[in-house]
Each structure stands twice: as C-alpha cells, then as structure tokens.
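Next come the structures, one after another.
You will see chain A twice below: alongside chain B first, and alongside chain C after that.
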Partner chain A sequence: MWKLIGKQRNVVSLRPTPPVITVSYSVLFLAAIVSILPFLYILSTSVKDTQSLFSYPPEWIPEQLFWGNYVKLFQETSFLNWTFNTIFIGLSITILKLIIDAMAAYSLAKLQFIGKHIISSTLLMAVAIPVAALIIPLFFIVRDMGLLNTYWALILPALANPLGIFLLRSFIVSLPDELIHSARLDGASEWRVFTQLILPLISSGLVVHAVFTFMLQYTNFLWPLVAIQTETRQVLTVGISSLKSNFVVDWGLISAASLLATIPITILFIALQRFFLAQSLSSALKG
Partner chain B sequence: MRRNLTAYLFLTPVLLFFGVFLIWPGITLFFQTFQTGGIMSPAIVVGTKNWERTFIDPLVLKTVWNTIRYCLMAIPVVFIIAMVLALALNSVRIGHTAFKTIIYYPTLQPILIAALMFTFVLHQDFGVLNIIMRAITGNPVNFLGNESLAMPTIALVEVWKGVGFWTLLFLAGIQNLPRDLYHAAELDGAGPFRRFFQLTLPLLKPTFFFSIIFATIVNLQVFDSIFILTDGGPFHSTASTTWYIYRSLFTFNEPGYGATLSFVLVIVVLILTALQSFAFRDRN
Partner chain C sequence: MTEIAIEFRSVFKKFDDFVAIRNLNLLIRKQEFLVLLGPSGCGKSTILNLLAGIEDPTSGEIFVNGKLVNYLLPRYRNVAMVFQSYALYPHMTVAKNIEYPLKSDKGLSRNRDKITKMIAQAAELVDITDQLSKKPPALSGGQRQRVALARALVRDPEVFLMDEPLSNLDAQLRDTMRYHLINLHRKIGKATIYVTHDQQEAMTMADRIVVMNEGSAQQIGTPLEIYNSPVNKFVAGFVGHPRMNFLPGKSLGNRSVQVGEFKLTSSRDTGQKGTPLVVGLRPTDAKSKKGYNNVEGKITAREFTGTDTILTLSSGSIEGVRFRHIGGGSDIEGDTACFSYAPENVHIFNEDGKGRFS
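And now, the complex of A and B:
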C-alpha cells in the first residue's frame, strides 16, 4: 500500500504536499472560527439580562440563563407574524417563479421562433439593471394598483427578475434534442413534452433555482422596507431592524430575534445542503 | 406559425411580469425625473429642475464616490479571501464538506442580521472587539462613528457575509479545470506557487470576469448594511447612492429628486459594467 502511494508520488500525483495541507487546514480553521463566532456572540447576548450585558469583564457564558428576551420577543413584538410572512411570501414567490421561469427556459432553450434572439438578449441585459434604482417608480406602480401593504406588493415584482431563466435554460439546453423529437413524433403536445419529459429531467436544476429564489427573498430588505408600512405585515428582516430604531436599543431582544431568524433558513440549508452547495450554479450563471 | 404561437405562450407569463415590474418602472423612472411630489399630492411636472439640482448637489457626487469607494474596498478583499479559501478547500479531503458548510453559513443569513451582529461586536462600550482593544491598547475604537473607519468597517461586514458565496464559486471553477495540464506542469517541476500563478489564475479568467461584473452590479447598490450600521453617517461618509434614493423618497418626501438619483445610479452601473465587459472582451 505504502509502496503504491510512494510510487504514484514519484511519477506524478496531484496530492497536495504536507506543508500545503498544514497551511490549508490553518486557514480553514481560522475562517471557520471567524464565520461562527458572531453567531455564538449573539447567542450569548440573547440569554443575558441588561445588567450582565454591560458587566465588565464580560461574561462569555452567563452564569444564570435569562429567557426574558425571548419571552418579550413573542409577547411584545410581532415576531411570529414576521416569520409567517417571510416564509409564506418566500414560498409563494418560489413556486410561482419556478413555474414561469421553467416555461420560459424551455421556450428559449428548445423552441424555434421569430424574435427569440431579441427576447433572450433583452432578458439577459436586464440582469444588469440595478433593482435598487427602480424602487421609486415601482412604489408608485404598486400604489396605483392598490397593492401597497399587501403580500402581492412583495410577490409580484419578485417574479420579474430574469436571472433564474438562464439557470434553468442551461439545464434544458444540455438535454439531447432527439429525446424531444421522438416524443413529438409520438404525438405529444409541447405542453406534455414540457411537463412530462423536460421537468422531471431537470429536477435538480429546479431545486437549485428554488433554493436560491427562497434565499434571495429571505434576505430581501430594501423593497419590503419601502412597500410595507403595516407592522404586522412586515417580513423578518425589516421587522427586526425596526426593533433597533426604538428609543432605547434593547440588545438582548434584538439578539434573540436575530438568532431565531436564522433558524428557518438553517433548517432549509441542512435539508437541501447538496443543492445550496451545488457547483452547477456557477457554471449555469456563466452559460 | 403555430410553432411561434406555442413558443410565445410559454414565454407569456415571464414577459408579462418582466414588462410590468421591470421595463415599465424603467420607463416611468425617466419621466419621474422631470416631476415633483406624488406621495401626498398629485405629481407636478417641473422640467429639468431635478437635474439642475443633481449637478450642483455636492451630496450626489459624494454618494457616488462613496459607493465606488466601497466597491473598491469590498470586492478585491472578498475575492482574495475567497480565492485563498477555495485553494485551501481544494487541497483538503478530511473535513472538506464541514468547512465548506461553515464558511458558507454566513452567506445564508440576511445581511441585516450580519449588520446587527456586528453592531454588537463593534459597539464602543460592550462590543467584543472593543473589549479586546481595551485590554490591549487601553482605548476603545469607535469603528462606526469615525469618518475614516466607518466605510472600511461596512465593507468588512459585507465581506464577512459574502465570502462564502465567492469561495464556492471559485472552488467550482478550480475543480472544473483540466487536470492533465496540472500533471504536465508537475512533471515539468512547477511548484504550487508557479502552478497557481501560471495555470490556475489564467485558466480561471472567465470565472473572474463574470464574477467581477456580477459583484460590481450587486455592490453598487449597497444599502442594507449601511441603513442598519450607520444610516449614512458620520457626516455622510457612508452615504451610498441607494441610501440617498431611499431617503429622498421617505425622509425628504422628494420622489422626483430620488428618481433623478436613481437614474444616476443606473448610468453609473451601466457605464462600469460596459467598461468591464469591454476590457475583458478585448483581452480574451
């Protein structure tokens, strides 16, 4: 066994050398600590009462766990509403976007029609439009539709983002044309080809798309801040930030809220980790 | 003909939302730059008044410069750290997935939560970093209240949150590179540094070009972290263009002026991305 590895090493092996491995592990350990430490810090802050928050030297692990921040969060703020709103809006957008983007992607990938080039390049160029610059006209359009302060105000504009179409198109393009041709020869309509042949074949692409759409909505801040004024209709990001703008900043309360807000996306992350870390995303975005 | 119809039917929903919520706002944005009011009272046409003000308002130039300054700080730093982490991940087997997961985790969280967390971490009185600073130097540092430190601090928060995304992107790029070239390079006796600078970096050019353009578009719209951490202060040293747009609409109640600022942002983004695409196409 050793001989074999030694032999391979003499010929050529892309195995990193021991110093490279040592440096790599040191870098990764450092990065892991920097990534995790702030989360532990707010965990510790969230179970402290105001007094031990300001104590010096600081208590990293409070002797007495204080649950008051969490109690206050559920009793005195609309935290549960915000969580429900975030998940509900995120899921609605994800489902609707998946359907319409997959349809468009199929059309752009496998159907021939007049104006195809113009449409696909217009959609692609629109990726470069900074959406932050559109909040003012969008605010008035949504207001004139009478949708301000409703879920629709957050759901409908999100469906306009064309990026996901190109992700799905790259999955569909790689499917062999013969497959579609033979299905058509068998008398299947385009709709049947799409729903019964294409969709099952690109299921992993659909999950990647869904995961990223949901994540984008979960982290969205500027547009909900503009479009929703009613406190109970707010999403988590804006809701939690509103806790900070009170006269006395309650760090314990904000910590508890921030920490709980990481839970839904963490559960999703653990369940679908494979797709979050999917490498296909990068290649698809470039294609 | 039927072919065309089917294809367009598949495209209809996307084109509908795209038209109403992206193209239409783009068009009305242009007209709004010539108007004032509209929130409490009907909008009035004021001609080029907003544009004249844009050119003499020193804060416009300042926010554009702040936004670009922020990009120049955040993007190179996040790319370099992500590249180092991607290379490190690429050379370890044991714990590979665990490290990947942990490094990616901050990217999942809303930047707002990152910003709030760092508000505590950097807080002058009880933030963990200042507790350490006080122990070492005796003096706390007011990271967010200092004109020259505030923007680098914001950039750092964004880097902390964004680095996982770029790490995975670069790692995917590295793992897709042709392996036989590396075998050849190793046979020629090229060490890890030479392999990196003469093989990996040049081969990753397409990934970098795409990443730089994408990162520029996203980062020129920086808002969330600024809104939470400094709200543009101190003395507008962290006021980004998007921050100014938001304030024009809600605090100053001047949507027309905000529309003009938005137009400026669109122009800045389009010019910078066009320049980058041009530069990259030339070299390829």
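And now, the complex of A and C:
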C-alpha cells in the first residue's frame, strides 16, 4: 500500500511545476523566434525592390509591396522547371527507395541465406563513407554510363545509399518471428508475408524513412551541381544559387525563390508531422 | 488397421552445442490425440516446430502420411498450429485473423458467404463471437488465446499442433474448452499433437502421452500405462498428484525390499539380494489400515483438501513421506498412523533414477 502511494507521489512530482513551465515556455519561445526570424526576413526581402532593400533605417514591411521579384522569377528563370524536377526526382527516389530498402531490410532481418553476413557488413561500411569522397568516382561512373545530365544521374546514386535499409531493418527485427512463422503455416507465400504482414506492421517506419529521404533529396546540392549541366534540368537548390552568379546578386529574386521553395516541403511536413513526431516519441519512450 | 499419420525417425535437434531433442522416435496414428508432457524447457515446442517446418532437424527424418517432409516449406505442410505466444496478427481484426488461413484456398476465397460462416463457427466454438471486430491488442490474454485457437480450428489441415492452448484460461473455461476440443477431435478425427505441462490435462485428454525430459522422450504410452507403470523416477514423479514418495531401499531378493525398518513385497522384480534401489509409493495408493505391506510412523503434518487428508509421516529411518487418507480423518499431529500397500502399487526403480528396475 505504501509503495503504491509512494509511486503516485513520484508521478505527481514529475508533473512540471509553474516555474518550470514558465522557463521552458520562454526557452521554446526564444527558439521559435530564432528559427522564424530568417524566414520573415526573406519574406520581407522578397517583396521589396532593389532600392528599398538597402534603405536606412531598414523597414520590415515596405510601404508599397513589390511583386516584381516573383514576376521575374517565373518569366525570366527556369524556376518552374526546377521545382518540377526537384519534386519529380524526390518522389521517384522516395518510392523506389522504400520498395528496395524494405525488401532488403526484410531479408536481412528475417531470412537466412548464404552471404548474408558479408552483404550486411558491406552495406554497413558503405554507410561510413562520406558523400564528398564519393562524388568524383561517382561522376566518372555516371559519365561512363552516359547518364550525365539526365534524371537517372540524380536518381540512381541515391538508391544505393544503404542507411534506410538499416533503419527499416531495426523496425522489422523487433517483430516477433512467430508472426512470420504463423503466416507461413497459414499458407502465405513469402511475398504475402512481406506485403500483408511486414509492410503494414512497419508503416510508421516507412513514413519516417519516406519523409527523411524526400527531405534529404530536396536539399541535396553538391551532386546535382556536378551531375547536371543543362539549366532546365537542374533542381531547386542549385537553380536558386545560380541566380546570384551574374556579378550582381539579386537578393529580392533569390528571396522570392527561396520562399517559394520552402512551400512544398512545409506542406509535406505539416501533413505528416503528427505521424512521425508521435513515432519518434514512442520509440524514444520504449528506449 | 491403424494408419500412421506422423513419424519421427531418430530425430535430433541441436542449437549450437545444446541438444534440444535427443533421438526422438515417435509414431502418431491418424485420429490420435497425442499429448507432449514435460517440464519447461524440455523441448516440447521444439518438437512442434520441427514438424511444422519452423526449425530443421539436425539429423533424422520426419514423415507426414508416409511422405518425407524434412525439406518441405512450412506453407506446403498443411499444418495448423496454435502458438504458445498466440502469434496473432496485430493489425488485423479478430475476424480477419481467423480468416487469414482460408485466404490461400483460391476456390474458397470466392465464396464469401461460406467464409463468413466458417469464421462465425470457429468463433462460436471458442466463445469470442462478440470480439470479432476488435484487434488483438485490445483483447485480454485469455481472449487472444481463444482467437489463436479459432484460427487453427477454422482450417482443415493434415495435423493440428497446439502449444499449451489453454494455459491462459480460467479453470472453468479451461474445462469447457478441453471438452470442446476432445469432442471436436472425435468428430473430425485429425491427428493432433497437444503440448502441456499440466499432468492432469494430459491425463484427461490424451489417447497417448509422451513424457519428455531434457530433450528425450522418457516414456510413450496411454495415460493408464504412464500412471500405472512409469518406466523411471522422472515419469513417476511427474505424473500423479500428490507426487510419488521415493524411498531408498535394498533388495531382499524374491520381489521384496527392505525400506528402513519396513519390509515390502512388490509385484515387480527387485533383482539380486543386496542391490540398492528406490521404492516408489504413491500417496493416493495408500490404504489407511493395517494390511499386507505396512508403513508406519508419526504424523508430522496434515493437509486437508476437501475430500481427503494428506498426512506426512516420519519414522525412525524415513522422513516426510506423504499418504492420502480418504475423508477428513480425526488424526492429529503426533499420533501414529499406519498405511498399507498392495504389491502392484509398490514401484521399484534403479538407484540412479534412470530406469525401471529390471
């Protein structure tokens, strides 16, 4: 009885007290300001013309909103192409990667086959190699395959990144073997075990993997810079940075582009945040 | 003529250096209800896994209906199994769980009405009809176990494998389920291997029992054989409640033994005069009056169980021997009591416990 009450006391004492709440909210508030300020700054810059950009004192909200940057972005640059390329390549990579990684993860986690150990340690070594070290050999390989300057040049190398296999494998390893045995005894083929049992049971892992893959691709800069030369085939990151390379830096234009570029990823994040914030929280709680 | 459904022929299973199954030879008839009985870790589940194809034998052969199945994938073995851990599909409703094994039958999967009826029947049998739309995580342990049972019973397999399928049910429900399972078994007559560590459950349900210990089958026989003629100390001690008394003794030759100050005559061979051996006396075989083979002592404890009283006796050379006295009894601690044994109830074992005396 005493133990029980003691336990309840413990729980009560874990509940934050008013001063703790005040402090933590202040910290969160500060962090929010720090992260939102640059965003507001480019928002403000994107609706100013070049003259008022450097006016003193700086004004956050210009007296007259200037839409010229946006007009210029759509009329004089390949911004729409870049956006399409980025999303198309990002989605292709995400979908293909989910399929490949989930299958590889299942076989590494639950199937027995010759060479499994070697394959899995090779993959692990591949994770350890920094991307920068890969760029030059990758360039030659892709060039020799004749794929430079194509979508394939961006899609194929990304598929070879094994990190996602390990992420999904850890989800699959935690599923009890008996489930799989039971399904096999119930007459399920290996494909049905995979699609009807494994995939639904690791759906949260798949979402996490999908979001991270897409985000990583969305912000990828170095490799597209190397692999793509035609301006209309370029992705957003490289495209936007190319806007400043003409001796004069058009900050208004770049701000407008940057602002628009954040929209798709923000939508994705908001749509799925509940899902994978809860997921990382619950896996954190499980320890 | 009795047909053989399953045969294990010199099957061994090792996990690294650990021998989980040691030289298993076992024939199971069609329509037989075979119970694997043994303490935790003796290899009961491993035997089921070998038959289901979840584990491969290290050596030896397994036959189902005369066909070697060592290399057959689990899904082609047509075996329905209730897992000790239930292994319910957590993302599917109870109804979907029960339906799952039916899905691989292409002809059936077009007949929606029939499937619904089969699910309802299986659910009815284990009394979970009102849980069909829930998912397993929302069920209690006993309910989950019943879903696992229903998922096995919905099929029409070659063999049923049940790994302690009633372990999580309350006493009353377990009794009804035992009765249902035996009835069902009589009706459909498929070979069934049923695992339990409850000797009473084994006794009431089995056609034959395999008593297991540390990976080897100690004795295979009908409940009566196992109870009346246990082949060694382990079997004798595992089957029957309260547990059999084991007393050290010495052969007097001519089927009689000296145990402490008592001389007992057995219907079993006792070997050469002077051989040390172990005498087994079941508390429940004791007659509470002086007779032929008498054991006498001071009562040191008494446990009243309702229909009878278990008395613990000690005498000069033997201590803590228990006897059943039918009824309440008026004996009190410190009194002297005397019990007698018919010769066929005096069991004789080797001193090392490894076998029956012969």
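Criterion: the second predicted complex is superposed on the first by the 262 of 287 C-alpha atoms of A that agree within 3 Å, B and C clash if a C-alpha of one lies under 4 Å from a C-alpha of the other, contacts with A are read in each partner's own complex, and residues count from 1 in each chain.
As a working rule, contacts are C-beta pairs under 8 Å (C-beta built on N, C-alpha and C of every residue); 3 or more make two chains touch, one makes a residue touch a chain.
Predicted model, so just to flag it, every value in this text is computed and none were measured.
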Next item on the list: Please work out whether A:A183 is in contact with chain B alone, chain C alone, both, or neither, and reply first, second, both or neither.
Entry: second
Between chain B (first) and chain C (second), which does A:L138 come into contact with in this model arrangement: first, second, both, or neither?
first
Handout entry: First, second, both or neither for A:I202, with chain B first and chain C second
Key = neither
Which partner does A:I100 reach: the first (chain B), the second (chain C), both, or neither? first
Just checking: does A:I87 make contact with chain B only, chain C only, both, or neither of them? Give me first, second, both or neither. neither
In chain A, both chain B and chain C touch residues none
Given the complex, residues on chain C that touch chain A span 49, 52-54, 73-75, 77, 79-81, 83, 85, 87, 89-91, 100-101, 103-105, 151, 155
Contacts from chain A onto chain B in the complex sit at residues 12-14, 16-17, 20-21, 23-25, 27-28, 31-32, 34-36, 38-39, 41-42, 45, 53-54, 56-58, 99-101, 103-104, 106-108, 111-114, 116, 119, 123, 126-141, 156-157, 159-162, 165, 190, 194, 215, 218-222, 225-226, 236-237, 240-241, 244, 251, 254-255, 258, 261-262, 265-266, 269, 273, 276-277, 279, 281-283, 285-286
Within their complex, chain A touches chain C through residues 176, 178-179, 181-189, 197, 200-201
Touching chain A in the complex, chain B uses residues 3-4, 6-8, 10-11, 13-15, 17-18, 20-26, 28-29, 32, 38, 84-85, 87-89, 91-92, 95, 97, 99-106, 108-114, 116-121, 125-126, 128, 131, 160, 163-164, 168-169, 171-173, 175-176, 179, 182-183, 186-187, 192, 206-207, 210, 214, 217, 220-221, 223-224, 227-228, 242, 245-246, 248-250, 255, 258-259, 262-263, 265-266, 269-270, 273
